[in-house]
Structure formats: C-alpha cells, structure tokens
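What follows is a set of structures to go through.
Presented sequentially are two complexes of chain A, the first with chain B as partner and the second with chain C.
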Partner chain A sequence: MTLVRLALKSLLSRRFTVGLTVFAIALSVALFLGVEKLRTGARASFADTISKTDLIMGARSGSVQLLLYSVFRIGNATNNVSWQSYEELTSRPEVDWAVPISLGDSHKQFRVMGTTAAYFDRYKYRNGRSLAFEQGVAFDDLFDAVIGADVAQTLGYAVGHPIIVAHGLASFTEHDELPFRISGVLEKTGTPADSTVFVGLDAIEAIHVDWQGGGRKSGPATTEDVIRAMDLKPKAITAAMIGVKSRLQAFGLQRAINEYPDEPLQAILPGIALQELWEIVGVAETALTGVSAMVVATALLGMAVMILSGLNERRREMAILRSVGAGPLTIAGLMLTEAVTMAAAGAALGIGLLYVGLLGLRPWLDAAYGLYLPLSGLTQKDVIMLGLVLAAAALVSLVPAIRAYRLSVADGMMVKV
Partner chain B sequence: MRYVLPILAATLVQTGHVHAETRQMDSHEHGSGTLNIALEGSTVVMEFEAPGYDIVGFEYEATSDKDLAAIEAAIEKLESPMSLFVPNNSAGCTVAASHASLMTEEDGHEEHKDHEHDDDHEEHAEGEDHDEDHADDHDEHDHEDEASHTEFEAEYALTCDSPEKLTSLAFTYFQTFPNAEELDIQLITEKGAFAFEADRANPTVDLQGTQ
Partner chain C sequence: MTNQPPALTLEGVRFTWPGGKFGLAIDAFNIAAGEAVFLRGPSGSGKSTLLSLVAGITTPQQGRIALQGEDLTGLRASRRDRVRAEQTGVIFQMFNLVPYLTPLENILLPLRFAPNRRQRCGVLQAAALDLTRGLSLPDDLVLSASAGTLSAGQQQRVAVARAMIGTPPLIVADEPTSALDNEARADFMALLFQQVRASGAALLMVSHYPTLSDGFDRVVDLADVAQGMKAAA
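The block that comes next holds the complex of A and B.
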C-alpha cells in the first residue's frame, strides 16, 4: 500500500507532465477504439445496404456482379430477364412477393430505375428500415418520378419539378418529349437509393415507344395520350427482388431459378453476395486496423519516453528513497505502479472521450455519410486491446526501473559541480 | 424437385416432341461440398451435397459388391446428420427427418440412384434416346474411363428446443469421410443470409451473431 501511495503522490507532484502523458494515452486509446467502431460500423452499414430480401434474380453472371448492378447500380447487366420468365418464376408457390427492377436510363449523372410502387415498401435497409418520403408520395401516375436524397440535393429538385430522362447512360439524346414530374423525394438512407431516380416500370416502356434500334423513329413523336392508351407491359426487366413465404424454401427457390431450363438465370442470397463483396473491399478494413495499432504503439512509446526523461529529474527522489531503505525491487515496483496507473487512467479517459465523441458525431456521420454507428459497449476485442495497453505500459516501465536500479545510491545525492 | 426437370425432359424426348435440349451442368470440385441451412422457428432444414469422391473415394459406376457396399454404408452414415454436423448441446436439436441419395451426372443427364430404387427413374435414364445420344461416347471411350461425376445429396430436418441457443456446428463429417476437405456453408436466418467455410483444419463453425 505504501508503494501505491508513494506512486500516486509522486505522480501528483508531477501532475503537469503526467497529465499530458495520460491525455496522450487517452487520445490514442480513443482513436484506436474509434477506428474499431468505424470499421465495424462501415462493415455493418455495408451489410445493411439491403435486408429482408431473400433472393435477387437476374441474368446468369456472378453473384457479386448481380449484386453490384441490382443493388449498388454499379456496372451493367450482362443480359436482361424476359418478362415471361419473371412471371413464370414469381408465380411459383414459394414466392411471397417480387419487385421487378429495370435499369439502363439516366438523368444527369444519376441512374434511373424502373420498378413498381411496391419497391418503396419492400426495399429495406439497416435491419428492416423502410424508405421514407421526405416530401411527396410514391409514383402513382405514368409520368411520376421519385428521387433519392442526393439527387434532390445535388440538382436542387423538389416535388413538382419536371425532369427529363435520357436514354442509355450519359447519352446526348434525351427523351425530351416526355418530361416526368417529381412526385416524391426520399429521405437520406446512406444506401444507393439516395442517388437513384425511380420511375414506374411502364414509364420505362413509355419513353422507348418512339425509339427503335437505338435511334429515334422518324416522323412525329407519339403523343402522351396515345402512349397512355398503349399496353406498356415490359418485355424484359434487369433483375428482381424476391421474398419467400418461408425461409426454409429459399434454397429450393434459388435452385429452381438457377436451373431454370428456358433462360439462363441466377438467384443470389444478397447477404452472402454482400459478404463476398466485402471480402474484396475489406482490405481497407485491415489497413484501418493497422493504423489504429500504430496509434497505440506511438502513445506507448511516448509514455516510455516521458518516464525515461522524468528519471533524470527524479534522481534526487530515487536517491532519497534508497537512502531511507528502499531496495531496488521497491523502486522497480514504484515505476511499474506509476506506469500502469498512468495507462489505466489514460484508458479510462480514452473510453470516456470515445463515447462523448460518438454521441456528438453519430447523427452527423449518419446524415452526411450514411455511416451508422450503433452505441454499443466495448467488444471483447476492445477489452483485450485495453489489457494489452496496460501490459505494454508495465513492460515499458521496466526500462526506467532497470536504469533506476543501476544508478548508485549515492547518485543524485552529491551535488555536481 | 430437382429430379423433375430431367425426367420431364426425358419424357418429352421419348414421346417424340421437338424440344430444345438444355445443356447445363453444376460445378463439381473434388474435396469440396456444400451445406445449406435454413432456420425458421424451431425448425432447421439442411441440404447437403458433396462429390462422390469426397464420400466414397470413387465416382465410376459401382458394379463390384465392395463398391456397392461402400455406397450403401455411406448413405447410411449420411442419414444420421447428428453424427456429421453436430449442433451445440444447449440448442437441443433432434432429427425429425433425413434422406440421403447418390446422384449420377452424366453428360447433363441426371440419373437418380437412390438406395430405395425408384424404377421410374431408371427407366427414363436408360431409355432409347439416352442410348442413342451417347452412342458416340461409347465408341470413343472405354466405359470405365467415361468422364462421369457422382454427387451425394442429403436433406435433413431438425427440430430444436431452443434454436436461439444454436451457436456452433462441429463438423465431425471430416473424420467420417477422410476424402472430404472442405464444406461451404450457407445459412439463412431471420437476420439474413451468411456464408461460412469449414475444412479439415477448422472443423467448427461459430454461428454467433447470426440470429
């Protein structure tokens, strides 16, 4: 006990330098834990891009590719899915619901997705959260469009604004005869829905009425009334989201789609495809872990330097302690207690900093980057890491302990001239 | 279910209809099998598939008594999932149903070799058209060397008293079948779909956080 009291008193007497060291450790512990939280949060946000959809069906390619174009709207489909196959497969008894998706058009830099109004009910993210409308409602008329939060923000659109959909991506020819009207703006989700323009599946057909073989038909444009009277059932779609009645049937339906003899189709389990994709982009995760480990290493080094340099000022203190009978082991014990106390105080302060920071930054991170960090306790890995910080502090304190031991009793007593 | 399509196709060919043949084959990798697990309520449904090589060490058509006995024995082992894919005790799982069979995949035709012997399937597989289709193959290759693949398939249904306590699966499967090297596992729960891999060196899969 005397040892602990001595250590505490000694630390208190040097409160300024000790305070700085504790603060440095606290900062690095907070940084380390924060990076860990960001890493798991990024992973979870990514995995939560789509949830509650059992299968995604598309042309047979690769699971990651299908996921990329159907969910992230990156890249293009190798083939379309014929409407007939879609109807045949989704009328199977296992299917609870199905939402078709049709891609291929764009508005400015944003992808246009044709779908049904059911999409807004069925597309879920972040463990079952639904899309919500910031303004307006889902499309109802043939020429209604719903836009994501990023589209609204970047282009300054609001409900009622007319927009023109271009055929193909970054195409110069625009379907200017048929302007759409924005019926709704979605709330920010942090998912690809933010940068998508949604229109009805029949609207995609409607804008292609006057188009044939990649070019415009000659002659006057078909009027809106004529188009409205037309049968706009699509011939093909790009992909479909499917929900099954019972999870127990998901694999069976997946196999039925994969082995569908009339068209080469593929069904993926979105969760598994997301996991595969994360394994590819997950290198960044390793890099983040590396960065946080370096942060902690730097802080521990700093602590060692501070203890070592403090040793010089404390030669007198050591000499007095030894002259009143403290053995070398007591001195070493004193050093160890001091270092561990500093590390523990630093770790505790660091955890405090982390949660204060999390509470403050969470809403902003979610709104600006769609990065949702749950306010969870420390994970087992975090606790192990904190234990390592303490152990490393103890180890580092051995260096000054040995030095203190080797300096003679008389050292520091004599006044050097 | 997966047997229905080939049978249907075979029937159509036999009755003289002109129907474009669908040529597609599952991928087949020796040493690597798959296990699909779906969890709903207290029911766990599993579907297992592995190459014949993994289970009995050969994929040619078994004719000798020894080979036939090996297949028989393998199917029997595959029908007791609790000694191959062992859930942790506290989940309290028991087998409600299990069924295993051997599938022969030959040039796109799937021949169903159930140990229960379903005559209908055999008939279709050995129908006239089948023989004509493969006449060339028989000329070019010795029958023994014919590139054929076999797959063992099994379906299980388990009932678990406390499915929420299902936290791990131990694959004693690798001890039972020395040729098996790895299993790709897909799991569907309320929370979504997850993929795992078990192999000879790491035969236990941690399922924590999946429900």
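The block that comes next holds the complex of A and C.
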C-alpha cells in the first residue's frame, strides 16, 4: 500500500470534515480565479469602450481628461473646439471620417450628447461592434433623440416618448419649451453609450437659441417654427472622433492638431489614453487580488488546523504504523500527502465551480454591467497560481506534519490515548 | 536451531527516558530462535519501555540490542525502522488495526516497510488468507469488512496475522489478551501458539496474568532481568 493510497483511505474515512475543508479550499480557489477572470474581463471591457476610432480631438487639456469627458462623459471640457477649426482640420486629406460631439446638457441624471447620425455608425466598442437599435431609428428630425439602454430602463422611456433637455448638468432650468421626441432606443452595450441621450448637433444649438452667456434672454421664447427656420450650424463643439485612412497617418494628424496655430487643441490616441487611465483605476484590482489571495491563505490555514486538531485522535493510528515499520518521516509524509491531496481536490473542485459560475453568470454580467467575460481556459498565470496553492498547502501542513513527527517519536509504540 | 543467531539479544543496556523520570537497566537477556518466552511483570515495571527498546523505537544510552544478530544500536533511525519492520511483528493490547483499512490491508501493511518479508509471502492475498484461515477468520470478513466493525477477538486475531505475515523471526506481544474474555483468551492463546510454532518464530509475550504462561518455553520475571530506575535525576 503506497503512502498516497493510505492518505486517500484515511481522508475517505473522515469524508465529512475532509469534504468541508476541501469545499472551503474550492470556494477560495474559485473566488481567486474568478477575481482574476473579472479583472482581465474588466480590463478588456474597459479597453473595449471605444475602438476603431483613431483619434479624439478636443481643447487642449490632459489626455486622460479628454478621454474622460469625451468617451466616459465624466467631468467637463475646459474649452470648446471652434467649428471653424473642426472643419479645417477634418478636411485634411488623411481624414477618413469625423464625428463631432457636443456635451454640456443633461436630461434627469443622464448626459445629453449632440452629435451627427454618423455617430451610430462610427462609434464602435468591443473589437469593432456597432451600436444597434433595440427600438426605432437614429434621429432624423431636429427634435429627435436617441437614448441608451440604461436611460430607457431607468426612466421607462420608449420610442415616441417626449423628453425635455435641461441646459447645464444640474436640472434647475429646463428647456421646457422644446420637448424632444424619442426616435430610437439603443441596445445595451456596457459602455457609457448606455447612459447617454443623443440628439443632433443642430438640436443642441436649437435649445440654446434663447440662452446667452449662461443666462436666459428676456422676452418671449422663440417658437419652434422660428427655430426650425434658423441656421443652426454650431459655433463650437466639445470634441470630435476622427478616423484616418491609414493608421500610420494617425500620428501625423495628431501632431498637426496639437500644433494647430489658431487654437490650442489636442488629439489623443484612445487606446493609449485608455491605458493611462487604467493605470489610475487599476490600483483597485491589485487590492482585489490581495484580498482573494488572503481568502485562499485562510482556507489553507483552516486545513492545517483541521489536520492538527485530528492528530491527537490519530496517535493510535500513528503508533500502529510505527510498529509495522513506518519511520517518523513516513508519518510526517502521510500528513503532508493528506494536505496536498486535499488542496489538489479543492483546487480541482474550485476550477469546476469557477466554470459553472462563469457559465451561469456570464450573460447576466454582460447585460447588467456590460462586463463581457470570454469563456477562456486557464491562463498560465492561473496555472502558476494553482501550483502555488499546492505549494502553500504543503508549507502550512508542515506544522501538523512536524507535530506528527514529534508525537510519533515521543510515543513510539506506546499509546497513552 | 543452535546455529541460528538468537532472535533477541540485550547486553548491558542502560536506558533513561528523556527527562530522567524513568529508566531501565538490563545486563543480559536473550531469546533463542524459535523460543517462546513469557515475560511477567506488574504494570509500571518497565514492560513497555523494554518493548520500545526491542523494537528499536527508542535507543539505549549504553549497551547493545540485536535482532537476529543484527545490531540495532548504532544504526540510523531510518535503518532501525527497517530492521524492526523486517525482524519483528508486534501485537498490542487492543485497537491494533488502522480503522479505515480492511483487515486484509491491515495485514499487508508491514510488507510495505519490509521488502524481504514481502518476498517471502509470494502471492500476498493468498499468504494473508492462509494465516487468517489458520486463525479461524472467515475470508469475506478479512477481505471486505472495515476493520472498525470487527469484534475485539477478531481484531486481535487480525493483529496476529499482521504480526506473522512474511514470517518475521520475532513476535512481540504486549498483553494481547487483555481485551478478551476468559474463553476467548484461551482460544486466542491456542491459535497464537499454533501459528508461532508453525512458523518457527520466537515469541516474546509480556503480561501480568501468570495464568497465561502455560506452553511457554521459559517464564521470566521482568524484575529478574531488568532493574527499573525511578527518578534517578
């Protein structure tokens, strides 16, 4: 009978406590691997917030700031980009397409973004996926609005519903004279598009006709008919998404924008800015990994305690093994084998739990949080981590193993229990 | 038999447990090959200490202990474990069996540590069943029962089979009948003798029941061979 078989039989004879211990290890391993999957998934989802856009142009500030307000709609632009500069720069030969965006207004807690209908074709996320309409179509009329999935869900809006856009971000003053009508609702994307109200660029101009320098003009409100007859070409925009004909030209165009003499402008490569931003956000992921590693350590310590507390009851068994010729090292080896076997069983069960959990939670995570977790195999890092779990199990079980060694040397063949 | 080395030799042995609470001094004690010796002594007289020394689990500070001519003293601990496995079979008072193994697995346990004994067995299961049949244990009980479900008498008989498997030259029994009632005790002793004699092994049985000494070649009082030393330090 080999040591491993002896260890297995011994573990099987205590299947209840052993089972609980293995389950605790399995849960901790599943948690650790799950956190790892979430981490890489979150990072990938984050990096996938915008794709296929070569440059984002805005007023000169920081690249992370520009990314935050233009893509994530967090914070505000310090300055605008004049329509003239926009037209001039985007008429350069290397520019394939350009979509202007104009921010600064809100509806309830959601940001309103003025753009052109081209946005719905040009904005891509998650490896080039396009926005899709769950209901309705892109805006066609001046007072049409398209809303993201979260807006629709939170406010209970559907196509045809009227909505009122507020000037500024806090809804003190509402442009209640000019109600918009919802023309389309977007499918859930897991990107900031979900919580955005989209209107035409000219609509942004339209709602500011009666506003000047942040205050409302005196006198009666301009009527809809008059507005419709006006020239609503914007004077300025907040930022613009730009695609170039060849990716190599992105750097040249970026330099041209950054060095544009008439206005302090800036262009960023979204991928690089996203990475910079992740370095700021990503501190939390390290903390998360640390916490889940502690959970694994706790489970392994629990196992060591379980073996240790069982030793006294097993002194008889150890004495028998000694009497038939087992050395104290064999006894210690038996404890070690039991520990590593439990840890291995725990790790295997943990992997199983991870994939069962992943299969079950994946659609929900994607729908609710826009967190897309690919159903991938274990990474090399995961495998190394599992190896570390086994090594740590062997390490913590040295405590009961050494105790067993001492007991079996001290007891010899005599058992006082 | 006379040309065979003695199954057990102790010469000038001085041993004190760590802490100096109890010790044992044995000037000379031998068991010839195939000899059955009954060692009598009250509890606390040092029987267990003597058995630990004989099995090589503890080593004396002075003197020589040899099993079948092979010197235990001066060997590395791992080597002593091996010699114990090869040369002795041990029967305890009670709870002899590893509870999570079947009787058969219990019987074959020493062979993992004693390759020579394993070789002598030939087909392991057949060798084990030969022994258990001789000890009136039904085959299905030996093969499939869990050791924990056996009666005390059955457990002691399985322990005999384990001690005897692969015919080690010395069987050491420490009060092997104390868990048995009178009738079972007589049966057990008869079976033990029968098996030991058949294998030609020497037997060292320690007990404080003088009535069990029938049939032994020699009855020795522990007090005559060993001097207990109490609280010397």
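By definition in this document, the second predicted complex is superposed on the first by the 402 of 417 C-alpha atoms of A that agree within 3 Å, B and C clash if a C-alpha of one lies under 4 Å from a C-alpha of the other, contacts with A are read in each partner's own complex, and residues count from 1 in each chain.
Note that in this section contacts are C-beta pairs under 8 Å (C-beta built on N, C-alpha and C of every residue); 3 or more make two chains touch, one makes a residue touch a chain.
Quick caveat, the model's predicted, so the values are computed rather than measured.
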Item to check | Fit or clash - chain C, chain B, common chain A | outcome: fit
Checklist entry - Taking the superposition as given, does A:Glu317 touch the first partner, chain B, the second, chain C, both, or neither? => result second
Next on the checklist: If we overlay the two complexes on their shared chain A, which of chain B and chain C does A:Gly327 touch? Say first, second, both or neither.
Outcome noted: second
Checklist entry - Of the partners chain B and chain C, which touch A:Thr17 in the superposed model: first, second, both, neither? => result neither
Checklist entry - Thinking of the overlay built on chain A, is A:Thr154 touched by chain B (first), by chain C (second), by both, or by neither? => result neither
Checklist entry - Is A:Leu269 in contact with chain B, with chain C, with both, or with neither (first, second, both, neither)? => result first
Item to check | First (chain B), second (chain C), both or neither touched by A:Lys9 | outcome: second
Checklist outcome for this item: Between chain B and chain C, as viewed from the CA centre of chain A after superposition, lies an angle in degrees, nearest 10, of 110
Checklist entry - Can you give the closest approach of chain B to chain C, taken over C-alpha atoms and in whole Å, for the superposition? => result 51
Checklist entry - Where on chain A is chain C touching in the complex? => result 1-2, 6, 9-10, 12-13, 316-317, 319-330, 412-415
Checklist outcome for this item: chain A residues touching chain B in their complex are 47, 51, 54, 127, 246-252, 255-256, 259, 261-262, 264, 269-272, 275-276
Item to check | In the complex, chain B residues that touch chain A | outcome: 1-2, 5, 9, 22, 24, 36, 38-40, 43, 45, 47, 186, 188-195
Next on the checklist: If we count contacts the way the header does, which residues on chain C are in touch with chain A in the complex?
Outcome noted: 48, 51-52, 55, 57-58, 77-78, 81-82, 84-86, 90, 92, 95-101, 105, 108-110, 112-114, 162
